[in-house]
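Common to both upcoming complexes is subunit A, partnered first by subunit B, then by subunit C.
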Partner chain A sequence: MTGPLLEVRGLKVEIAVPGGMTRPVRGVDFSVAAGETLAIVGESGCGKSLTSLAIMGLLPRAARLAAETIALKGLSLIGLSESGWRRLRGERIAMIFQDPMTALDPCYRIGDQMAEVLRQHRPVSAEAARQRALELLTRVGISSPEQRLTQFPHQLSGGLRQRVMIAMALLCEPELIIADEPTTALDVTIQAQILHLLAEIQRDTGIGLILISHDLGVVAGVAHRIAVMYGGEIVEIGERDAILGRPLHPYTEGLMHSIPVPGETRRGETLGFIPGTVPRQTGELTRCGFLERCPYATGRSAAGPVPLREAADGRLVRCVLPLDGSGRDPAAWTRQAEGV
Partner chain B sequence: MLRFIVQRLLVTALVIAVTSMVAFSLVHLTGDPAAAMAGENAAPEDVEAIRRTYGFDRPIWEQYLTWVGRFLAGDFGRSHYLKLGVGEVLAEHMPVTATLGVLALAFALGLSIPLGVAAALRPNTIVDRVALWIAVAGQALPSFLFALGLIYVFGVLLRWLPVSGDATWQHFILPSVALGYYATPAIMRLTRSGMMEALQSDHVRTARAFGLSRWRVVVRHGLRHAIIPVVSLAAVQLGFMLGGSIVIETVFSLKGLGYLAWQSIQRADIEVIQAILLVIAATYAVLTLLADILNAALDPRIRIG
Partner chain C sequence: MNVLEVRGATKTYDVGKTLVGAGRTLHALRGIDLAVRKGETLGLVGESGCGKSTLARLILGIEGPTSGNVTLAGKPVGGYGRLERAKLVQPVFQDPYSSLNPRMRIARIVAAPIEVRGIGTASSRRERVRAVMNAVGLPEHFTEVYPSQLSGGQRQRVAIARALVGEPEILVCDEPTSALDVSVQSQILNLLARLKRELGLTLILISHNLAVVHHLADRVAVMYLGRIVEHGPTEAIFGAPRHPYTAALLASVLSPRPGARLPEMRVGAEFPSPLAPPPGCAFHPRCPCAGEGCATIDPDETRDGPRGYRCHYPLAHA
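Up next, the complex of A and B:
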């Protein structure tokens, strides 16, 4: 493997609002290799969805993008023309959205929507497009696919529609799939099925997969690497087992404490949670962005912006605490949650 | 889909039945029809004779049922003034109004939908402002003034188009523009707001994220949704054009339904007035039905519950 599939360096998104400039994404670096699943995790407003839209060139008109590098196999995506984007989207990078109830066009049959995408990118006959759609619907585990082809989105359940979205994403055999909260709108039992399907397809095809979620528990099973975002920055990024085994950033630790663990979390026990919400910062950060909500905050947290530092196992962490994990007391989360 | 159409047909029939009652009662309750027909200086015996001949002395519900029965049997009555069957009179005037209405609607849609789409694609820019200005000018000018302006420029100054009568298709161009322009602002604004909403929707984002061409995104995934309320509005506008074009028909000397209605009211030609009211009411009801069916064809969620 020479070089990453997708490389992102210094990605910033700014949106003009009355009275200034919000900076929902403030300098994000990461890369995704072919055959790898990178999970980007963080709560609402941390900038994860804007990051994915920036990679697709689909930022809202009001947003301004700045980046050193956004490159797919060496092809820079910065300042790409509209026709350049059209050849890329759906063809080399595909995207799966959060709400399958509204992401498909209610006016067209499933088969027609899939054929439209395929025939936009490949010079194939209508019949060949139908066969390909049929093949992919079968691939994503949809029963009686012939019948589904002629149905409209509102006749399908949420789980089925998300499978259709996945099938659509696979039509042109993309190199990268970005799944933005693909299971958030689904029932818990369906969530697991969809995640397994994504993981299985990723394994079989060797594509790169970016899985965006607010739920660390959801991505834990399928991600190879995890990037935790907070306030528009990556606060911790590394191998999944390392991060889940021993989170080093207090925010990651807080996220993990707010996941109930079957068999361990007792009835009546207070789950940890992180008080407050992501603060909206307009200017550059002058101190640790997580300071107000952190049970471990010290004087050094307020001294200046905190850089990403490399821990012994190779992961990157944006925190002033010692990166060997000393000096932490996870019980602080429960105490904070109970207001002690 | 079949069940949907049958349901709508029943509703349409009901609407026509109710409006026919209202139309009939209005004509009979706004004065003594026999006296109106006889004229100002008629002798009381003559008025009485007319009353008996036309059955005005019978209870109104009986008159109504008789009228409906005749109508359903294909007998639309006679115009006592023109000495002609009402069917013949209508057959002479209806094509003029229908041609005018359809052409006017075509002009209105052809102008306002592209303007609305252009405005929605570039909101709050010069394109948007110009589109709004063109549309609003249509509403600000009284229609007879705009019609006279058209006659002056294209008929008198440039001598490009005829300005009076209905002999050729060219005769319909100016009146259609004058009538259609008036419907432009509402359709344009509805198209614009519908397009703005459609372009913000998730499925349009999906279409863009899958690299579909701009044309496909805007027309197939945007306009298709934005057009649904426009269809209903256009049906009402067409009904309005068919029934309310008296001013334009007068200005351009078109012998259409509006012109006929106006003359018949002056002549107290009751049979003709009733028939026109019924035709216009039925036209509205049928147009609404067609709009509903067209919308069901456009949006599968309406036809497949």
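Up next, the complex of A and C:
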């Protein structure tokens, strides 16, 4: 038995802000196996991007990283030198961002950018690099790739740019790809195509994939496992269909009840919602971080910090009174006063 | 009665004009016909660049059509003065962060539309602001805070309160929830549903999120490259799309339910350029059903009871 492809334990990110320290990531544990897609979901600001940037060694300067383990096939990434990171990034871990325009250089032709990435890591001739770029553009479903090589990023549509990003991520055959909201800026029709492409590449190459999204619909079709983040912590992590079908954490249930689904929710019916906003907490949590917004909270939720615990089906849940899929009252999500 | 009518509206833009070179013509709207009854919610859907926001700007009177006409309550939009028009139709835009003046307190932001029109006295205006903030679920103590102190959902409520304060007939919401988290989106959808029910508001709802449109709209118009290619009652359109493009859009809705698979996409990826709309049916280069005539003959609208579509080979439904 081999270990996981990526192992993350006790990942914390702290950022100094005027008047104190924020803790946007508070001790996150997960692993990704080769050939597996782990989705990380949660509302804006819950720490999804900082988690992925930490794994890529790309945290903003102001941020401080602490972790017990961040290891890629046993190689520790903690305290890696800048040159070590440069060898690793692109070569073994690649990242796909929400907005390809921020990752592509507007002044260079697509072909030159792809060749440069490849030649940073491989001693290949210009012609070989061109061939490899052509091969990958074709692989990601771009028609007339020769012509695309000579174009500048702004000459491509959003969907095409995202395909180019995916092709670039694949150039050096990385073992792990982190895709941070890869389809959020795209049309729904193109979104479906890009998700297909990611799923297919993953099946064919057996890479590990971390898919970050705030959209449960996006992850439902692609993920094997789902980690739900809230306030810098994982509150629930497990098999996709178990989480979507029978959420055990109230936050996950609240998210599921907020989404209208044609054919299931009645048109115009009152949708569930999670009242309030994520409180900005600077110190260590002394109780459940979701307490103020939880319709099921009890005295026990305030008794102390809540650890992740294993549920009967093997998933992990951070709740003193996890839902059991029956008995509880999901209408709680629509009944609350419409206060702000 | 139709509060809004659009007849044969087109909108073109001259783009790429340089000192020496001639410009090119971008066809943003290529003949739009639309009628919206009082109290009705019309959903406008279609890919990025198909002209949804342009149509919204024509309805709001921010721009005039290149040809054709837009009438509000029986009179051309251009025939109203700015303040008169503001009484009839109000916008709610996507981004609640940039659409509110950061230096104004919430009470003044919300009061602005009735203040410029000089409606009522200062105290009756204050009362009206309080009432409308209450209606959209903003607590009273928010009157004296600045936008930067509010969350995204709260800001969008402020934008909706400001749009409602002058009691307009029509609210034009252009992607009102796209910048918001799902748990906040659902609160805004609940709010719009309630306003529609309780105030009989007419709503034009633009969204690329078909689940959102399905949830709120009574009727749906599907746009493709500056045209409405299919329209009709929401249930009919979602239940049995006739236009292959509508079917493709519906297939792309992602379900968050267990066992959901990725939808099969059978249409090509490339949205055509509005600088050079394809001849014939503009959708034919991507259409899985295209046949003889599609590349040359622009389909007229086929009417079928309350619905209509433009397609030579419409999908059949049992």
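The criterion applied here is as follows: the second predicted complex is superposed on the first by the 328 of 340 C-alpha atoms of A that agree within 3 Å, B and C clash if a C-alpha of one lies under 4 Å from a C-alpha of the other, contacts with A are read in each partner's own complex, and residues count from 1 in each chain.
In this section, contacts are C-beta pairs under 8 Å (C-beta built on N, C-alpha and C of every residue); 3 or more make two chains touch, one makes a residue touch a chain.
What you are looking at is a predicted structure, and each value in this text was computed from that prediction instead of being measured.
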Assess the superposed three-chain arrangement around subunit A: do subunit B and subunit C clash, or do they fit?
-> fit
Subunit B versus subunit C as contact partner of A:A199, first or second or both or neither = second
Thinking of the overlay built on chain A, is A:A103 touched by subunit B (first), by subunit C (second), by both, or by neither?
-> first
Scan A:Q147 for contacts with subunit B and subunit C and give back first, second, both or neither.
-> neither
Can A:L244 be said to touch subunit B (first), subunit C (second), both, or neither?
-> second
Give me the angle at the C-alpha centre of subunit A between the C-alpha centres of subunit B and subunit C, rounded to the nearest 10 degrees.
-> 70
With the two complexes superposed on chain A, say which partner A:L255 touches: subunit B (first), subunit C (second), both, or neither.
-> second
Between subunit B (first) and subunit C (second), which, if any, makes contact with A:T286: first, second, both or neither?
-> neither
Considering only touches as defined above, state whether A:M95 meets subunit B (first), subunit C (second), both or neither.
-> first
Report the closest approach of subunit B and subunit C over their C-alpha atoms in the superposed model, as a whole number of Å.
-> 5
The intersection of the subunit A residues contacting subunit B with those contacting subunit C is none
For subunit C, which residues count as touching subunit A in their complex?
-> 47-48, 137-139, 142, 151-154, 157, 181-187, 189-191, 193, 197, 208-212, 214-216, 234-235, 238, 248-249, 251-263, 265, 267, 269-271
Subunit A contact footprint on subunit B (complex, rising order) | 201-203, 205-214, 216, 220-221, 224-225, 298-301, 304
Quick one: which bits of subunit A touch subunit B in the complex? Just the residue numbers, please.
-> 56, 58, 82, 85-91, 94-95, 97, 99, 102-108, 116-117, 120-121, 152, 154-155, 165, 168
Interfacial residue positions of subunit A with respect to subunit C in the complex = 43-44, 141, 157-160, 187-193, 195-196, 199, 214-218, 220-222, 240-242, 244-245, 254-265, 267-268, 270-274, 277, 338-340
